[in-house]
Amino acid sequence: MDKAIEIVNHMMAQDAFSKWLGIEVVHAEVGSAVLSMTVREEMTNGFKIAHGGISYALADSALAFASNGGGTQSLSVETSINHLSPVQTGETLIATAVQINETRKTGLYQIDITNSDGKCVAYFKGTVYRTEKPWKL
Amino acid sequence: MDKAIEIVNHMMAQDAFSKWLGIEVVHAEVGSAVLSMTVREEMTNGFKIAHGGISYALADSALAFASNGGGTQSLSVETSINHLSPVQTGETLIATAVQINETRKTGLYQIDITNSDGKCVAYFKGTVYRTEKPWKL
Amino acid sequence: MDKAIEIVNHMMAQDAFSKWLGIEVVHAEVGSAVLSMTVREEMTNGFKIAHGGISYALADSALAFASNGGGTQSLSVETSINHLSPVQTGETLIATAVQINETRKTGLYQIDITNSDGKCVAYFKGTVYRTEKPWKL
Amino acid sequence: MDKAIEIVNHMMAQDAFSKWLGIEVVHAEVGSAVLSMTVREEMTNGFKIAHGGISYALADSALAFASNGGGTQSLSVETSINHLSPVQTGETLIATAVQINETRKTGLYQIDITNSDGKCVAYFKGTVYRTEKPWKL
């Protein structure tokens, strides 16, 4: 099996919170990942829309999978997110992570989250630090 | 009862995800909020530490409570978080939100999350937009 | 003349610092702007590369031009920039601003800065607040 | 002379743009720096207030000085700034950089810029990566 997919499957298998969210890995390769999940009632906030933590968590998992697939353990150092549009219960979200830049020690990723209509509901940017620890499966 | 506390209690009562997280409101006043929660196994990621979405969600709730307590509905427009230190299952986190700036239409808040040892484990900044809609309870 | 170009020309004509930087407007339309400038010796820092403030300023001007061209005065509320690669004296930079999202009261813009080789040297995100003040020229 | 001050003086001596800005080092120690500068006409934008690039540049220099004073060359990886209040020609700005967190490989700094009235006019956050290159003077 492809190494990136193997690492992502391994990470996902141990990631209790991504499982609780119902995240599914649609696609994974070195530097990139596409995830999907469907918003449930228990994920909403006081405005009766998805809590900001839900789309953040989806994007953060996409960041982890996209940045670790290369085989080196990578840790998030800075992330930011703009919530662009409310997300309702029952909506399926797709997070697409792409690598913008890579140095020997850091990586920058852009993650867009779209809803079923293809509208961008959240815009996420994440910077990771590459440790020297390889993934051993 | 104090208006800010009334609004925060109302928001919290309807906030299914904050309840799932086990968030408790330690303190709330106009422009400020202190929340606590304890990390459970199901909140961890593939590194066996709290998923980034957990501390983000805690900070995001603190942002919502601190920025809405003044009586005007406020919506997050931009947020960023630096994860500074891994958080283990069983740790209790405290999020403290303070208002840095306020204009007629926007507010800026700083939220620090500390663990039981008082160490800052996450550093969050959030900007909100003030709608013209008052909270009616 | 096109209204967006008229506004951008007017802003540029009064923008002393953008002139000091040698910024030229390559293209401007509602929600978008492309600017260029060439790095001079006096713009470098202690590492003998362009000071971070130079590429930030270029991107910030692009944000201002892209977000004001629609005819409503817009003010920056939050911006972030990742400096991806060192920029040397003599290099010509191109900043391209595109609108990612728009609500009635806010706008989100992505600005990429590339060097002569087409490499992305800085990655900038900016959120603006739309006032109710129209541009009158 | 103190090592941090020596490094900052050395950086400042070679930093052409910080000199153009008229930056003065008020204080420097490992992990911290205080800088001042006065806004001149040529630093203003189309709104006749200080260009966003000016306060960013001041904060970015403060980040560089605070993060390099420890003796290891450190490079900015991510920065963000909120412009909170317009700054007029003639105003003297003070930037105060403090270290929020440090790991073996990264550092997080908060920089506040205040005007003569002590009002916070810009709120800046910066993350640096520590190279393995020591400063040799």
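Residue numbering begins at 1 within each chain, and the chains themselves are lettered A, B, C and D in the order written.
Assume contacts are C-beta pairs under 8 Å (C-beta built on N, C-alpha and C of every residue); 3 or more make two chains touch, one makes a residue touch a chain.
The shown structure was predicted, so the numbers you read here are calculated from the model rather than taken from an experiment.
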Among all other chains, pick the one whose mean CA position is farthest from the mean CA position of chain B.
-> C
Give, as an integer number of Å, the spacing between the C-alpha centres of chain C and chain B.
-> 33
In angstrom, rounded to a whole number, how far apart do the mean CA points of chain C and chain D lie?
-> 21
Which whole number of Å gives the spacing of the CA centres of chain B and chain D?
-> 29
Out of chain C, which residues touch more than one other chain, so two or more?
-> 77-78, 80, 82, 127
So what shape is it, when you link every pair of chains that touch: line, ring, star, complete or other?
-> complete
Residue positions on chain C within touch of chain A in the complex are 80, 82, 84-85, 100-101, 103, 108, 120, 123, 125, 127
Chain D touches which residues of chain A in the complex?
-> 77-78, 80, 105-106, 127, 129
Residue ranges of chain D in contact with chain C within the complex = 10-18, 20-21, 41-46, 48, 51-54, 56-58, 60-61, 64, 75-83
